[in-house]
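By written order: A, B, C and D. Residues from 1 in each chain.
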Amino acid sequence: MIITVAPTGGMLTRREHPSVPTQPEDIAADVAACVEVGASAAALHVRTADDLAACDPELYRRVNHLVRARTDVVLNNSSGGGVSVPMRAPLGDGMSEISWPQRLAAVDGGAEIVTLDAITAWASIDGEEVLMNTPPSRARELSARIAAAGARPEWEVFNPAQLTRDVPELLADIDDGRPPIVNICLDIDGVFTNAVRWSPALLSHMVDSLPGSAVFSVSVGGRTPWAALAQAVILGGHIRVGVEDHPFDEDGAPRSNLELVEQAVRLVRALGHRPATVDETRELWYVKRRVR
Amino acid sequence: MIITVAPTGGMLTRREHPSVPTQPEDIAADVAACVEVGASAAALHVRTADDLAACDPELYRRVNHLVRARTDVVLNNSSGGGVSVPMRAPLGDGMSEISWPQRLAAVDGGAEIVTLDAITAWASIDGEEVLMNTPPSRARELSARIAAAGARPEWEVFNPAQLTRDVPELLADIDDGRPPIVNICLDIDGVFTNAVRWSPALLSHMVDSLPGSAVFSVSVGGRTPWAALAQAVILGGHIRVGVEDHPFDEDGAPRSNLELVEQAVRLVRALGHRPATVDETRELWYVKRRVR
Amino acid sequence: MIITVAPTGGMLTRREHPSVPTQPEDIAADVAACVEVGASAAALHVRTADDLAACDPELYRRVNHLVRARTDVVLNNSSGGGVSVPMRAPLGDGMSEISWPQRLAAVDGGAEIVTLDAITAWASIDGEEVLMNTPPSRARELSARIAAAGARPEWEVFNPAQLTRDVPELLADIDDGRPPIVNICLDIDGVFTNAVRWSPALLSHMVDSLPGSAVFSVSVGGRTPWAALAQAVILGGHIRVGVEDHPFDEDGAPRSNLELVEQAVRLVRALGHRPATVDETRELWYVKRRVR
Amino acid sequence: MIITVAPTGGMLTRREHPSVPTQPEDIAADVAACVEVGASAAALHVRTADDLAACDPELYRRVNHLVRARTDVVLNNSSGGGVSVPMRAPLGDGMSEISWPQRLAAVDGGAEIVTLDAITAWASIDGEEVLMNTPPSRARELSARIAAAGARPEWEVFNPAQLTRDVPELLADIDDGRPPIVNICLDIDGVFTNAVRWSPALLSHMVDSLPGSAVFSVSVGGRTPWAALAQAVILGGHIRVGVEDHPFDEDGAPRSNLELVEQAVRLVRALGHRPATVDETRELWYVKRRVR
């Protein structure tokens, strides 16, 4: 079972959570500690010096470099970015979207994997609305950019419609015989429209709808992700944990990435499996280490 | 079982289909013929004189009036409109959306029911992309407008995320104790992103996820809608048929609204039920006839 | 879609139902009429002169001969028999079972298909209990007898346990590369223990659990079989109807085999399919006509 | 989450497994150790001095007494017994059943809970077949005996047919307003016919089919029970582990009851829950401690 840590995300600041790593050294240190206890992949976001979301390839290169200096781990850079003001672009009629040029730029950070968010959905944060705006033409452009950069896409799937339409349509463009890497994103419906809430039946259905050869993970927002993550393992999938996804516990107390990965390892072992090594993860995902 | 006819839709023209009714007299005549054989509700779109999509309340009033002059039937006016050029508004960066002011205007056509498309999804037509753009703030605005006009909303649900988020959130605003009217739109994924493709497991799940008191219908795009429509009936739902949804048969031959309603009646009877009368439909949906 | 008619069954008498055919000429006439309107297979039971259940091969041969004199149709002889006194054998402690020697004898009736009831379940009729008693050793014996007689078995499946255990275990013995013929028997739980009641989720699960190549039908007891039969068609299966399975309508009025087959044909057509011919049925089931 | 330990079962001997407790002192010591680490109920079988299955009430009383001398725990005595020769009774035609008088006698052992095996199924052990033979009349008799003894029944459910028929039918007889206690027995299909094999979809369906107020546990045979047990917890159920159910690990090495309960506790905690105390278990099951 691959355990991915998602340490940072595109929203939470250090004011809101004491142990979210936002600066390059902090991210690298946190990832290294998580790999020590069982994580074998890291799903990274970068932030400006004052914690705001960014997709700056220079920042991604710096974080990737610092992580690799400490530990071997599969690196995944988010091209989704975040909803902070510097990442917003005007859309007309007073609306705004997450900047498309910035999303595209994330591809150049040098990671083995770049997220492919083919979703169009409204995020509502602090009373403001920002559109994650990905018409099919943009999804194809991003997909081609990722392939050109020598990275592999990770399909972020927010709802089952993407499994029967967006993923197969785009896969047809870039099919290289390697199994698609899919991350099913559950329980982020407090922020995003078009994003499903976990139920055992729905996750079963989504897994049944995956392209045959897909290797899938599940990430789960909210405070009680363990049941959904356990179901992912039961159904043959991999799991992602971290402060990005579920920063607070049932009582609202902040959790650290290290605690979350340790809990994930206990879950995987309780289900009769063991965490994958980094080499096994590379093999499962058909990615080679990229040196820069 | 309520059989709704959707005779026209927002896309197909008479050049593409010989019997799609687009002009007021034609729509009224077609609806009346369908009511004769078993339909008890009509889900209407209006068109300009040259068949282009419109949401013009004046046109809606005219069509509604002509229909009522011929037959008693529950009237549902679409606020979704269509993707024709006159309904498009620029969105920046070369993109366009379906005009929001025009969508809002549909409310004033005088129907008992107005569709509430709370979805944000890209439509791809003839190589062009248009956004059905409905952030939560717009959905609330439309919902309030429908209530203020004395109509009831029909929730157009494209994917299960809307059932756990959009519908409950908006329902909380307008809760008047009446059961919500939901239409689950399947198999329009050839045009829209975020729109699910039917499978027995998915439709079961969506029906299980409905708000407890909801009265639901199912509409199905494509050429072979009958199995999905039968499942809707099996699961206790109602059905919508018509040239809007499935204009051509398996062999590509055009079907008329009358043929489609007759086939729906045969299906309902084969499953051991009978078509609802107009009065029964009004009771199930808690709508009174609106006279204008 | 194969429509099988099950005209007689092992329980209902002419005192209880005016049009259940129990005598050879009546069965043959009824089957011929049903084939005329769309049935292509007949699942037969035989009865004594006073309507009691029997498995007498001489009687089966006579009925099969009379049917074939009138119409070409795929013939299936039940080895399940019935619960009437002449078919009961003592079991000790005041209990009784359906006679095993009589069940075995049905194989020699000369039909292309013989039912293989590998189930062990108690039938409760008129306050009496009779065991359908089929330990694995008997199931293997029956299966071997059917193969030796040159017939094909139809697996009567009462619950999902049989699909993961009995059917695969026995199939391993007789595997001849031909797809297994399975009939899923639903809603006979009013009589038999270990027999499931239809729900959409359960039937879906059972169909998903079938051996990969199986060709399956569904039969449904009770008064309202149409929804379950429709789901069978939706899931790619075939259907069985007849006085054996659902002799009375919702209001308790008796239905004839002809009416039931006509209703089945309407259902199949309403779902966009057409009834299979006898030749198509033989091809789907890999059975040749047996001439005697 | 209630963790029940099933330390002994009705089949495995000390020759086959080094740490299966079969004698009263050994069972009591094992149960006490398991309660120490998180079990709050014990599902007991008793054995003769040479390890053969028994339902002797005297033996049950002795074991129950010894357990209670060491630890407070909810006691459940099996009325299913086992397949050893001393528990077999002849059934005619060379067949044998598990002795009904012995099964009934288990009720008098003084436990708070007695299993109610309303199933009829063939067990195949070492090439021999024995029938667990429970016609509805016997099930009612056993149910009444359990109620008369002041105990509560635990419904052992082997397949979904029992949930829609046997359980509701018998519940109607004994309804006392207390929630029924159900144990869903999975993956014993290597021994029993009519016993389902776990799949996520099937367990979901069975849980959905439970009588509304039921409190359910899941027990799982075989070597890899953890995924099915995790699903039980996810679906709101309780779990049973022990040498009776899954005596050997994936590699065929024997596991002790203590190890299995410890693993169950880790699973429950990894899923974000904690083991129930004995008092909480009594409350959930509506049972009072019985002192003798």
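The rule is simple: contacts are C-beta pairs under 8 Å (C-beta built on N, C-alpha and C of every residue); 3 or more make two chains touch, one makes a residue touch a chain.
This structure is a prediction, so every number in the text was calculated from the model and none was measured.
Chain centres here are Cα averages; for chain B and chain D they lie 53 Å apart. Centroid to centroid, with C-alpha atoms defining each point, chain B and chain C lie 43 Å apart.
Computed from the mean C-alpha positions, the centre of chain C lies at a distance of 36 Å from the centre of chain D.
Chain C has residues 201, 204 in contact with two or more other chains.
If each chain is drawn as a node and touching chains are joined, the picture is one closed loop, every chain linked to exactly two others. If you check each pair of chains against the touch rule, the ones that pass are A-B, A-D, B-C, C-D. Considering their complex, residues 200-201, 204, 224, 226-227, 230-231, 233-235, 250, 263, 266-267, 269-272 of chain D touch chain A.
The residues of chain C lying in touch with chain D in their complex are 89-93, 95, 100, 119-122, 124, 129, 131, 133, 135-137, 158-162, 164-166, 189, 193-197, 199, 201-202, 204-205, 208-209.
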